[in-house]
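Take a look at the structures below.
Presented sequentially are two complexes of chain A, the first with chain B as partner and the second with chain C.
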Partner chain A sequence: MKVQILDKNDVSVRLLIEGSNAAFMNALRRIIISEVPTMAVDDVVIIENSSALQDEFLAHRIGLMPLKTDLDTYNLPENCACKSEFGCNLCRASLILDVEAENHTITTYSGDFKSENPSITPVSEKIPLAKLAPSQKIRLEAYARLGKGKEHARWQPVSMCAYKYMPIITVNTKLCDLCGDCIKMCPRNILVKKGEKLEVRNTTDCTICQDCVDACQKTPKAIEVKWDENTFIFRLESTGALTPKRIVSEALNILDEKLTDLQSQLKGK
Partner chain B sequence: MEGLSIKVKIMKQKKNELKIEIEGESHTLCNVVQKTLLEDNRVDFAGYHIPHPLTASPQLYVRTKGKSKPDTVLKAAVKQIKKDTASFRKELAIASKKIS
Partner chain C sequence: MIVPVRCFTCGKVIGDKWENFATRVKEGEDAGRVLDDLGVERYCCRRMLLSHIEIIDEIIKFYEARETKQMKPS
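On to the complex of A and B.
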C-alpha cells in the first residue's frame, strides 16, 4: 500500500491510496463516520429561557454545535472508571451560557459559551443560537461528552467523507479531430485544447461521469475514461472537532482494535 | 481505549466450513474480511449476511478447499488486514512528514 497526501488544510485532506481495495476503504469510511468519537453536548439544564425558542429547540441547536475535542484526556462515558450516570471530569465537560438582551435585540452565538475546560470550546464562535429581544434572557448549563456518530450525527467528526477510484483518461490522438465537444461537456474542466493536442489535466478531479465519452461523435470513441480498482482518492472534511490526520489515525486504531478482538476470540475456539 | 467491542459466537464448525456470528459488528468489518478471504486461493466460498438490519448480528461464513482449515484461513485474513492498517499508518506518517 502507498499513501500520498494530495492536498490538505486545517480541516480537510485528500489522500491518494495505491494498492488497496474498496472494502478496506469502505471500512475506514464507515468507521470515520460512525465510530471515531468526538465531543458534543448531550445534556442541557435550562435555568431560564425567555427567548422565542422552546427549550427543546434551543437544546437541539446546542447539541449540533461542533466542539474542539480532546481525545487524550477524556474517556467515553461507557469506558470511564467513574461508572457514574452523571459523569466525572474525565468524561464530561460543562459549558455555561448566560446572556441577556438589555436595550436592543441581540443574537447569541456559540462564542458566548464559557467552558470550564478551555480546550473544550465551540469550533467556531459564530454559530448563531438564538435571537433575544430586549429583556429576554437565556441561562443554561450544557454538558458535553464523547460519543460516536452511530448514536447521533452530532458526534460525527466529519461533515463529509468519501472515496472514489482513480480515473484513467486516455485520448486516442489518431481518432481525435479536436472538435471540442468533450471539452464543453466536462463539468470539471479536465480537458483542454493545447496546441494540436487534447490535454488532460487535474485527473484526480474527474468524477468518471463519462459525459465526455458520450459527447464524442467519433466511432469508435476517441476518448476513453476508465478507473483503477486498486487506487483511490480518499477525501474527508472535518467539522473542526479533530484534525483530519487524527481522524484517519483514530479510524485505523479502531479497525485494528476490532481485528485484535476478532483474533483473540478466534484463538480461544 | 475500549474493552472488547465485539463478541464472536461459533454457529457451525466442520472440517471445511465455519460460520460465526459477530455481535456488535456490521458491514464495516465483515465486508473487508470477506473480500480478503476471497483473495486467498485456499478459500472456496466466503460470504456474510445480516439477518435483520436493526436487531441481528452479522454472520460470516467461510468454506475452504481440500485440507485447508477454515479457522486457519480466517485467522490469516485477519492478519492480512492488520498488515494493511499497519502499512497505511506507516505510509501516512511518511506522507505527512513530507508535506509539513
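On to the complex of A and C.
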C-alpha cells in the first residue's frame, strides 16, 4: 500500500491510497465515523435559566458544541478504573457557564465556558448558545465525557469522511475532433482544450459522472472514463476535536485491536 | 429560533460562522461569495446559513420591553 497526501490543512486532509481495496477503505471510514472517541458534553445541570430558550434546547446546543479532545489523559467511561456512574477525573471534565445580561441584551458564546481542565475547551469560541435580554441569567454546569459516534452524532470526530475510486480518463486522439461538447458538460472543469489536443487536468477532482462520455457524439466514443479499483482518494474533514492525523491513526489502532481480538478468540476455540 | 450549532445533514459546525455571514450579507456582499470565503463548501451547510432567520431577535424584544417598562413579574 502506498499513501500520498494530496492536500491538507488544520481540519481536513485528502489522501491518495494505492494498492488497497474497497473493503478496507470502508472499514476505515466506518471506524472513523462510529468508533473513534471524542469529547462532548453529556450531562448538563441547570441551576438557573431565565433565558427565552428552554433548558433542554440549551442543553442540546451545549452537547453539539465540539470540544478539544485529549485522548491520552481521558478514558472512555466504560473502560475507566473508577467504575463509577458519576465518573472521575480521568473520565469526566466539567465546564461552567455563568452569565447574566445586566443593562443590555447580550449573546452567550461557547467561549464563555470556564473549564475545569484548560485543555478541554470548545473548538470554536464563537458558537452562539443563547441571547439574553437585560436581567436574564444562565447558570449551569456541563459534564463532558468521551463517547463514540455510534452512540450519538455529537461524538463523531468528523463532519465528512468519504472515499472514491481514482478516475482514469483516456482521450482517443484519432477519433476526437475537438468539438468541445465534453468540455462544456464537465461539472468539475477537468477537460481543457490545449492547442490541437484535449487535455485532462486535476484528474482527482473527477466524480466519474460520465457526462463527458454521454456528450461525445462520436461512435465509438472518443473519450473514456474508467476507474482504478485498487486506488482511492480518501477525504476527511474533522470537527476540530482531533487532528485529521490523529483520527486516522486512532481508527487504525481500533481496527487493529478488533482484529487481534478476533484472532485470539479464534485461537482459543 | 437561534442559529443551529451544526449542519443538520453533515454535522459541520456552522453556528460560529453565522454572525460574520449575517453582517457581511447585510452590508451588501454576495451571499455565495461570503460562504465560499467562510469555507462553507457543501450545499447542505450552505442552506443552513442561507435560509436561517434569527427569530430570537424578535422574541427578545418583548423581554427588553418588559425590563425597560419596569413591568417585571413579581
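Observations, loosely collected:
We take it that the second predicted complex is superposed on the first by the 269 of 269 C-alpha atoms of A that agree within 3 Å, B and C clash if a C-alpha of one lies under 4 Å from a C-alpha of the other, contacts with A are read in each partner's own complex, and residues count from 1 in each chain.
As a working rule, a contact is a pair of C-beta atoms (placed from the backbone, for glycine too) under 8 Å apart; a residue touches a chain by one contact, two chains touch by 3 or more.
No experiment lies behind these values; they were computed from the predicted model shown.
Applying the stated contact rule after C-alpha superposition, one finds that A:Ala27 touches chain B and leaves chain C untouched.
Of the two partner chains placed by the overlay, only chain B lies in contact with A:Lys8; chain C stays clear of it. By the document's definition of touching, of the two partners only chain C reaches A:Leu64; chain B does not. Residue contacts after overlaying the shared chain place A:Ser135 against chain C, while chain B stays out of touching range. When the two complexes are overlaid on their common chain A, residue A:Leu175 makes contact with neither chain B nor chain C. The partner that reaches more residues of chain A, of the two candidates chain B and chain C, is B. By the touch criterion stated above, A:Ser159 is placed in contact with chain C alone, chain B being left untouched. Judged by the touch definition given at the top, the superposed model places A:Glu257 against chain B, while chain C stays out of reach.
When the two structures are aligned on the shared chain, A:Glu237 is found in touch with chain C, with no touch to chain B. In the three-chain superposition model, chain A touches chain B and chain C at no common residue.
The touching residues of chain C, when paired with chain A in their complex, are 1-3, 5-7, 10-13, 15-16, 18-19, 42, 56-57, 59-60, 63-64, 66-68, 72.
If you check the complex, the residues on chain B that touch chain A are 1-8, 10, 22, 25-29, 31-36, 71, 74-75, 78-79, 81-82, 84-89, 91-92, 94-96, 98-99. Considering their complex, residues 52-53, 57, 61, 64-66, 105, 110, 123-128, 130-131, 133-136, 153, 156, 159-160, 237, 239-240 of chain A touch chain C.
The residues of chain A lying in touch with chain B in their complex are 1-5, 8, 15, 17, 20-24, 26-27, 30-31, 34-35, 75-76, 79, 245, 248-249, 252-253, 255-263, 265-267, 269.
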